[in-house]
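Chains: A, B, C and D, in written order; residue numbering restarts at 1 for each.
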Amino acid sequence: MVGYAFMGAAHSQAWRTVNRVFDLPLHVRMTAVCGRDEANVAAAAARLGWQEHTTDWRSLVTRDDIDLIDVCTPGDSHAEIAIAALAAGKHVLCEKPLANTIAEAREMAAAAARAEANGVRSMCGFNYRRVPAVTLMRRMVADGRIGEIRHIRAVYLQDWITDPQFPLVWRLQKDKAGSGALGDIGAHIIDLTQFVSGQRITGVTALTETFVKERPLPQASSGLSASTEENGGSGTATGPVTVDDAALFLARLDGGAIATYEATRFATGRKNGLRVEINGSRGSVAFDFERMNELEFYDATEPSGEQGFTRILVTEPDHPYLSAWWPPGHGIGYEHAFTHQARDLVEAIATGGSPTPSFADALQVQLVLDAVIRSADHGSGWTDVEPILAEVAA
Amino acid sequence: MVGYAFMGAAHSQAWRTVNRVFDLPLHVRMTAVCGRDEANVAAAAARLGWQEHTTDWRSLVTRDDIDLIDVCTPGDSHAEIAIAALAAGKHVLCEKPLANTIAEAREMAAAAARAEANGVRSMCGFNYRRVPAVTLMRRMVADGRIGEIRHIRAVYLQDWITDPQFPLVWRLQKDKAGSGALGDIGAHIIDLTQFVSGQRITGVTALTETFVKERPLPQASSGLSASTEENGGSGTATGPVTVDDAALFLARLDGGAIATYEATRFATGRKNGLRVEINGSRGSVAFDFERMNELEFYDATEPSGEQGFTRILVTEPDHPYLSAWWPPGHGIGYEHAFTHQARDLVEAIATGGSPTPSFADALQVQLVLDAVIRSADHGSGWTDVEPILAEVAA
Amino acid sequence: MVGYAFMGAAHSQAWRTVNRVFDLPLHVRMTAVCGRDEANVAAAAARLGWQEHTTDWRSLVTRDDIDLIDVCTPGDSHAEIAIAALAAGKHVLCEKPLANTIAEAREMAAAAARAEANGVRSMCGFNYRRVPAVTLMRRMVADGRIGEIRHIRAVYLQDWITDPQFPLVWRLQKDKAGSGALGDIGAHIIDLTQFVSGQRITGVTALTETFVKERPLPQASSGLSASTEENGGSGTATGPVTVDDAALFLARLDGGAIATYEATRFATGRKNGLRVEINGSRGSVAFDFERMNELEFYDATEPSGEQGFTRILVTEPDHPYLSAWWPPGHGIGYEHAFTHQARDLVEAIATGGSPTPSFADALQVQLVLDAVIRSADHGSGWTDVEPILAEVAA
Amino acid sequence: MVGYAFMGAAHSQAWRTVNRVFDLPLHVRMTAVCGRDEANVAAAAARLGWQEHTTDWRSLVTRDDIDLIDVCTPGDSHAEIAIAALAAGKHVLCEKPLANTIAEAREMAAAAARAEANGVRSMCGFNYRRVPAVTLMRRMVADGRIGEIRHIRAVYLQDWITDPQFPLVWRLQKDKAGSGALGDIGAHIIDLTQFVSGQRITGVTALTETFVKERPLPQASSGLSASTEENGGSGTATGPVTVDDAALFLARLDGGAIATYEATRFATGRKNGLRVEINGSRGSVAFDFERMNELEFYDATEPSGEQGFTRILVTEPDHPYLSAWWPPGHGIGYEHAFTHQARDLVEAIATGGSPTPSFADALQVQLVLDAVIRSADHGSGWTDVEPILAEVAA
């Protein structure tokens, strides 16, 4: 595993747990973790349960006793690491967004397609697909339970930088993060809604905003935990915020649905408010991550006097992934989606399947992000999403 | 009162009730109701409690014993009736949207401004402003409880025409209704969010859609109650739907906020889902009409471990309008907003105040609707909202 | 109508509205209202829309132009007024609880039975039966949608006297009110749960408590609106609270269900928290008056992965009473239950039906209250509910 | 660890995770797991991550390389194992309920008190205390945020045996389980409410019921997962249910609060519905395990127009245990409470503290259960909870 901050901790919990909960044909060994700072990565290895540590990710790629490289770094290093790993015949799990540029993302998708031909698997970490309520939502939509899809409305609302004194962490710098709320959390709702609806966004009109344009330089930070007090320092030095604080866009999808999207870090009081509702001709589904063990389902084929949104508590054995966990009503948490992701990847590797979302899927999300940025940069005009090239999609 | 269908019934309930609940300097007399069909309007008068009825609205305008004309007809006749009434020195309450065209709306606003100079009052019926939870939301925002506004997200979701066999009622015909979901319910969330935020929309990018393009011709209908069975008839004759089923737009407001809006009649399972959330630098407020006696308030100045959305049950004596009603916890219903509207209008007439929303306010909403249509018609490009002309605004 | 405070206002709104909304064979005339204080009752008559007023309730009972007496006084005068009215051949609507003593209640039920034989109708005002969601709940249970009933849990939570300085209003005095939370609000959940379940309570074990035993004497008060500031006066004079602040009991019902009940005026933050849940062998229903336009229904016969509590928005035309009101999603309020009560009573009078709840039904509720008090007074021992005597029940 | 079914799996996840998430002075080694069936326990050891397995729990107690015995068996074997382990100087974590009889519980508490004097720690597994929202609720109550406590209402609602064909698993047999819903889940709400309120139950009046008195004999089952299909077998052989399906009781607490409790396995649609509300003179708190990452708090000292229940999303770094987990809004799940329990026990062992709940605390819960049973068996008469003997409490 490369990287050991927020995502690294979540992935580690998944690798530690996956064989304890699921019956799998392969057993995961947590060989080594990599980071830039020797002391920090050593501590992380001990803490998170990795057998070894290193500061040189290239050394991992060439080791014979490593089969899978898990890339949990910021987006600017994804392409280099993932492509090298794939070239070395290692399976790759790469955090989202796939890359910071379309060019890199295309290269990665091409590398993944080449590797796939050699039985080397790759997967992008859109973890929310593996929240059981989301997987169930996908299943119900695919089963036709809501009919023809008319509307999608998706928001991903956070509020961790509403304080203007919150420091200029890497997630607020374009060169490291690629974009702001858009790529960080907007990418999740793009992937999630496309996954659930089975439709792809074809065009957008968009609007982005940076409310706080200058922030104190940080002293140190990792994950999302950088607080003003810890990082703000003397407050004398500041720097420009080079990414969006919020991104809003309207979209059309290839199956006829129309959609609204909003990703923001300025929705005061909303901590991780990923909410999606889809309305179809026969019913609707709605999900709110702040209540991640619930799915709301409206069945317009029920007798009219008894229709309503049904709060399905997604904790039953016949719900996705849940037969392996606790009895009904005993909910699961955020990191379980990572364990489910690990389970599906391990199973795909063991059985020779093609795990999803593929790098090509993730490239497509990247192309939507790109269309959003282009629309926002050009007066919100309607902007078509570029196609994935045939050689890659194949 | 002119018109006696859905809006006419709601207004009648308000006029009957207003003096029974509120202490007012004037006592309302329900003199006469007007409609096109003699038999129907006679029955409506008896049912709704009007002393007389007529089929000639012009006769009402000239009567000395009538001081106020309440216009509850479809939008295509608003201008003619309201302007005639104002010219005759009658106070006017006009249902929204103010008119079907900008030209008419401008004339009405000009007529209202002239009449105002003579002490004749006019008001547009954006009733949701008078839902106590909305009025409270406005008060809290104006008091600075949420700080500087960053985000507005507003939806108005209905589902009464998802069935393709639902007939082509007047609300689906452009010549009578002006527009579809946009003018009917989108107008409400435009007015409501501008009212609550104290900011005005300056520009938009928009997308509209008509999912069902041809529908059976209706036999008869009124209000929203036209059902397929009642109206669908033989099903042989159909006609084109000439209005939008759904309208989506992004907006910027003059105080720096950015916003998303969605109005649709195809949100399966959402019956009258008017929802508004506003995020500011110090807190947030959220309202859902399906739970109209509640307001959610997030106070970011509370101790961090105790912050959360507070569900204020808006039924306390110190909440707007509610000291006149029932004890705490005994909620009110949809029509109460009309009674509150009647109360405020009667009070303004009695005391010489200027009731709001004025026709100029309603014109401004109309200009936003117009910008939405223009954007949607021109590739969703960014479209500025036209200014209200100086002579009118004054 | 006798009495014009909180209940009088709610009843007046119902009488004014019932013919405006419902098609009924009789038209209600609001002839006269009676109260003890001449000036106050005159003002109330003008305000609430009664043609005349009087301070002598006996004069109403003998008037030929009055057909129905509506008793809205405190419980200590119910028996005398209602029995006199019935004896005079007037139909009677009497507020709950039916009487302050079992003896009075028995006399009233006997008088009602005699009058019924002469075509004179009587009804007790358990208004919550006519909240559409409650009526729907009754209908679904009666239709077998939840199967055999196992559990009932009912609470009625208020908090209007948590302040020890709240004055000693009539509702806190045993001679006027009979009991405290028990008779005032506990009676409602007893009636409601028996109505919905179709079962009657056969025995109880109970616990009551008076948290604040001495309170300031009030200067004036009516309804529930007496506030400390308005009424507390100098604060020097106090008197003993002679009723319960809270009453808790467990019960068995004649159909095999077991139940918990709680009525309290000390549930801080709960304003009118009437909540009932019933669990059966095939499903469950749940209602919360603070969201009175909603009913939750769990259908255990649905596919297991799709089960959940369905939030039915009880605003559809095929829901009880609602075809007369607004379009779907446009909720109603507290007083509408009184209008529905008036509708059903008027219809019963017009058609010769027997309105429910009858005085015998109300007597049975009284007998449950009595068993609760006896159990609480005797170490919470199991206490059977006394039977209604055969002559009355017939 | 002795036992490896539902509780064993949850405890194993906790032991595996605790050092990966929390900084602790001791590092946990998962030495050995014990069960009755050789093959099954071997598989469980491999699956759950234990280094060794055995079928002889006594062998664990005498090993020098084992410091802590974790007892996850049914209640009938708790006393023997725990007392032997304590006598051997091993720290003990014992699942609830502490024992099946008061006599055993008293012996265990005495043994724990003796061991404590020698620095040997013991703790009973009332895991819900370590749900962060519950711990926060405790903290707020202790800090006086809700003032003097008036009311407690607690329910623990499940529905896993509503089907009469569900087999007669060990939890439905008195000799193994001690009691039914009462001891299994009623014990949790007794402990939780006493923990949160800081008050102890002094007396009760109770009612229990067994709705389904005869059930098919099971073929095999573990945890709560036994389903009819898996276990019902031929359906010819049945046996008597010897425990309660539901237990209801009212209680008084030593600080003046009054309370209602309900524990049932027949609340159709409620899967793990542990709900607690506490009303005090200055505010209220409410918790529902089905939304375990939320706490509702009503602050009656806020301005009256802004009061309401605040939904605190208990995922902030300054909430109990959560600085070790994920960013705000990223909720945790059921098993996390076990990890927190492990954390607190390990810390107490390392620092010489006395972990809670102690065996004496658990004995007191047992005494409440005993009073409930005695009351239910004797006509629901008021029944005092027996005191813990002085020698034990000390």
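Note that in this section a residue touches a chain if its C-beta (ideal position, glycine included) is under 8 Å from a C-beta of that chain, and two chains touch if they have at least 3 such contacts.
Listed by chain with UniProt protein names: A, B, C, D = Gfo/Idh/MocA family protein.
Since the structure is predicted, the reported quantities are computational estimates derived from the model, not experimental observations.
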Chain pair with more C-beta contacts, A-B versus A-C: A-B
Farthest-lying chain, centroid of Cα atoms versus that of chain D (Gfo/Idh/MocA family protein): B
Separation of mean Cα positions, chain C (Gfo/Idh/MocA family protein) and chain B (Gfo/Idh/MocA family protein) [Å, integer]: 36
Averaged-CA centre spacing for the pair chain B (Gfo/Idh/MocA family protein) and chain A (Gfo/Idh/MocA family protein), given as whole angstrom: 41
Between chain C (Gfo/Idh/MocA family protein) and chain A (Gfo/Idh/MocA family protein), distance of the C-alpha-averaged centres to the nearest whole Å: 54
In chain C (Gfo/Idh/MocA family protein), residues with contacts to at least two other chains: 270, 307-309, 313
In the complex with chain D (Gfo/Idh/MocA family protein), residue positions of chain B (Gfo/Idh/MocA family protein) that touch it: 136, 140, 297, 304-313, 316, 318-319
Contact footprint of chain C (Gfo/Idh/MocA family protein) on chain D (Gfo/Idh/MocA family protein) as seen in their complex: 146, 150-151, 153, 155, 157, 159, 162, 205-207, 209, 211, 246, 248-250, 252, 256, 258, 260, 262, 264, 266-270, 277, 279-284, 298, 300, 307-309, 379-382
Residue ranges of chain B (Gfo/Idh/MocA family protein) touching chain C (Gfo/Idh/MocA family protein) (in the complex, touch as defined): 6, 10, 12-13, 16-17, 19-21, 47-49, 158, 160, 223-225, 270-273, 289-293, 313, 315, 317, 326-336
